[in-house]
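Look for subunit A in each of the two complexes below; its partner is subunit B in the first and subunit C in the second.
Moving on, here comes the complex of A and B:
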């Protein structure tokens, strides 16, 4: 079936400069991207939903997590029907920020939200969402602390047709339509009130639901989890996200956000003691939640204070029951805060698990040491080894050969990157280093042997020591 | 099915063994590629398969199965495959009270239940149908995976009981096979899981243990597979054979090679 587009204008309008003249482009009503047949919800119609795109690898429908940097690390985005588990950092600063980015992305794309929390009222959470960066000029403002002055103007200009201002002022190159997949957010500003009011959201505030205790039969789930599951199931069924409601034909994504799951505020005691009474409550909840997600058009983000969970076995089980697991470790209050290696960064981000959906393989990035930093407007994730290398170079004087194991790489099997990494480390210039490393055949290199060769028979082949890595100048 | 793994295990779809319990263990890594292998292997070997899939949905296994050359929907339609989709049925069991006991009835129970309804389901599914149709070769029970049952409130003893009952019904009575996947977290943190793993290791005829490399992540070698042949009935009879290979998972197959002989290295 053809993709549904209620307003028939195509993807064009490249080069339209001002938002006011782009009234022909109705971004949020425009549906882009066919939905691949590989999704788990079993619907085989070709429906395009705003804010989603099919994965390059397996055609799975993806939504953005709100952080384009994180999307890239997760293989393009979060798959619809899966759970993203964020292991909270110690003071719950950055994990709540990721939580809000996820919800803000839902509002921008017009998705329905379901916010569940035991600590804050969902309405308050929504008030604190970061404002989207509407302009592509954010790249210029990256290092400057200049506020984007065009944003408040366009806010004032368009009160009625506010959705048109989501169109970036300068069109991106490429065939993608003007509503980007991932958006950038300004953490210092709040989301405009009109956007929040225009969005559709359901809130679950656990202290409010405590009063109505209507336990039909005892179950090993704690009361809070049970109520939350019933609420989620009710929303999914009534709004038609699972396609089972004959009246409602929903073609939108439901974004579920659950904050601080597993904390004592939900009535669970796994964060208090090691031998808890209902240690299966959380894992059972996750299992049934995943069953709900797999059969509906929804994606879920859960933040969990795993650093508080006493029983390590539960953390392993929770990881196995979630699809994507990302751990945050902030430097606040730890010894790393004063470490000069990490002086530009706010914390480390660990991608602990990525699911293999509809596939034997999965997208995994090569770099494992990732650090994040939160600038005024941007939450960036970088490979921290770059800095590490630059610092360490002062400790190892050149002219010697070193045995260095690159973190998180297999020791036995070297690679081209491995050897030139070592060489550049010692040669202080990557270009020079590539000349030092001799390969038997180009491009297919093993780092073993060659680097550690002490004095083989061919090393002094013609009186001059050759192919001796570690030495910068061949001795005469 | 992965032809290289068939060569390593010395089995072909025509000569599938009978009455065996195979234990798949994923130690800190994902061992699900082994499940896909055995599922497609037994479907190609013309066996009747009962698949208890607790981790992923039907379409996931179907799409991967199509890459490996079997169609699960076709197998289900002709009665060769009985599929219990754990995720979807758990929603049904949890939110709506069922009339007759559901295989996943333990989800509704408050205290530690047992897996008897699930055993009845398996026995019913692998019952020999004698109505003159094409007889399947031997029944096979495939479980993915058993560790998740521990997360859902059951004890290790209940799961071991379930496997024991299934072994009697499937392996001994019907001369079929059982293949089960268990996670191993290592480090001895999860005691229940260790009890389950040790108990099953002593009962199984073949153990395939997928581990990650000891040195960490590598792009070209995804892990290491240890194959262990056992004879549980005669524990002291002969030395158990054991082999270790390293593997790399590709889009449609898995390539196996001896340790250190990865094509990226050579």
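Moving on, here comes the complex of A and C:
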């Protein structure tokens, strides 16, 4: 009874609870259910942290990366206590956008932020965060956009490759309210100042911490990395993210963002030379960082200019030491920009690694060729072949009808030869498409281009073997 | 070319043996000096007299020259040499107090790269070019421009890549038919980088003369490797159908044509259908004889 009285919020609720128990006083057992007031977390049983949810596959606690499309590809979100490494694109446009989405998601959910950079002041980074899309007026614009995108194609249902309609489309649901897991952001607008000021953040700007005289200490970790690790450790300890200082307030997540790790501005020379003195500095940093993260309620995003790192072995080590690795490749300035396959997209996104946390299997998505596009306000990720499959109706050769309509044709309906032809044809077409995406070159046809088949009774119809009339034109 | 000076930050002038960049550097310095800015020059590769040659006295009086050529290692004890060596000189330039637009010309970044560790140089350059956003102090509206001359052939891809990622604008000098051209790649903070080509020539008094292309249009494409890839070439089937062919194709009955309801039923990812369905559509060759062939056995 006393316990009930102290945890109730108002006198009214306490009074009603007392009345209820006195009425049904059959047993002295009282059920301790979840309290009516959610603000006092000391009494609540289920501690749920804002902005997180358990994974549907293995119950791992997940946070959103700020991009619902990326969350879906990573198996629901980023696991708490892990590192998301983003390999930057050449001009660092889209990777810095993903970095900002991550931080903006933290502000919307009320998480604490730690921003570390050697190039820009963290206060400036926070000023440039994108604004969240929360209202329903944006939903109308978004729906229009989706409709315009789909009207030419969805009217024509696929006749041959209709099973591709079963493939799960990358979900494009519209903007949602703040209580859901992932949010959408408008990259053309800034986050409102009051939201930034209401949030709690710590900044680490390396040039400020750099001492004015250049003293090169002979230690295994580069000066910059050592300072950053000390800073992160201090924040985690003082704010109690690792459970050391028992938190009076509700538990919260620390979102750490480190920009341009590995570049020369951090004092690391892996981008300058191939055989550098401190080649293990970065890998040691990642190892210690992962240890700090695993023992605290935090999630980290790191952007790294891997296209500048000269020693490829370091990239492989860095990939192994991170949990989730996503690579961005933009089409600006490359020869793929003129390729008509890619004309709707701004770049490719490669999911290089997904962690196996408390699990034996990976959680990879089925599609491998993913491309991203920065639309007016939204960042979308799609399967490249979607574009190609829309042209499916042009792939099937028109002269095929004569093969079916002949009475004694080897290619009668339901025959084995026919189904073999169809399957090999479709397999060739999709393999063709994948090869295009990977190498931007059409598949070179060797040989006469005719499909060889097993001999059947009807092939020897007039005493000599008939070649399979499969393809229209002999390739040059 | 105006955009090169308009944006602040680091401007990299990449030259090579065939197309030298010092004259372009001097032309840009002259332009900045004529606008009334302060110009500091860190000269490492040529002597001061040789550098000032060609400028008239009004411009010469506005240039503040820090000489590292005469005594780079400060062996002479006279105190004329700059304290702290090249890095000290760069850091001294970071700590300026007077407002106003400011241009720093580094006569050669290659020399600095060869004498200083790359990381220290990059950090100093970043501190120089981001000087206008000093924390706690007043935000200076005028940008700081750092013009750096870099000889491409002297360095490997590592330092070149590191400096390019720091640079706001990159000007690569090349040319054709005796005419110099500059490929200018300008990176604005959150926008796509813009690439433009400008043909120019430099007059004896170091003023820039912007021109159109050379007389013979040898290659309109700056990059010969970007031939547009056409995935529909070399395809063994016909992608462009005539109207008659299209009609023939549409009237084709596909061999495994399901009825549309069966197709819809298969498409709907039904979460656990209570009963499983067997769809059977008899072929032309199917025998629908209901007799049991085992009845013929004489057992």
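Note that the second predicted complex is superposed on the first by the 289 of 476 C-alpha atoms of A that agree within 3 Å, B and C clash if a C-alpha of one lies under 4 Å from a C-alpha of the other, contacts with A are read in each partner's own complex, and residues count from 1 in each chain.
We take it that a contact is a pair of C-beta atoms (placed from the backbone, for glycine too) under 8 Å apart; a residue touches a chain by one contact, two chains touch by 3 or more.
Keep in mind that this is a model prediction, so the values were computed, not measured.
In the superposition on chain A, A:359 makes contact with subunit B only, while subunit C stays out of contact range. For subunit A, the partner with contacts to more residues, out of subunit B and subunit C, is C. In the superposition on chain A, A:229 makes contact with subunit B only, while subunit C stays out of contact range.
Look at A:338: by the touch rule set out above, it reaches subunit C but stays clear of subunit B.
By the touch criterion stated above, A:380 is placed in contact with neither subunit B nor subunit C.
By the touch criterion defined above, A:283 reaches subunit B but does not reach subunit C.
Applying the stated touch rule to the two superposed structures, the overlap between the subunit B and subunit C interfaces on subunit A comprises residues 413-414, 444. On subunit B, the positions that touch subunit A within their shared complex are 30, 32-33, 36, 56-57, 59-60, 63-64, 67, 86-91, 94-95, 107-111, 147-148, 150-153, 183, 185, 187, 189-193, 213, 215-221, 249-252, 254, 260, 262, 264-266.
Residue ranges on subunit A touching subunit B, taken from their complex, read 38-40, 42, 58, 217-220, 229-230, 233, 280, 283-284, 287-288, 290-292, 294-295, 312-313, 316-317, 320-321, 356-361, 364, 366, 368, 405, 407-415, 444, 446, 448. Within the complex formed with subunit A, the residues of subunit C that make contact are 87, 91, 117-120, 122-123, 126-127, 130, 133, 135, 156-159, 161-162, 165-166, 187, 190-193, 195, 225-231, 233-239, 241, 245-246, 248-249, 251-256, 263, 266-267, 269, 283-285.
Contacts from subunit A toward subunit C in the complex involve residues 91-93, 96, 118-119, 121, 123-124, 128, 159-160, 162-163, 165-166, 205, 207-208, 210, 212, 214, 263-265, 267-269, 271-274, 305, 307-308, 310, 332-333, 335, 337-341, 394-401, 404, 413-414, 418-419, 422, 432, 436, 440-442, 444-445, 449, 471-476.
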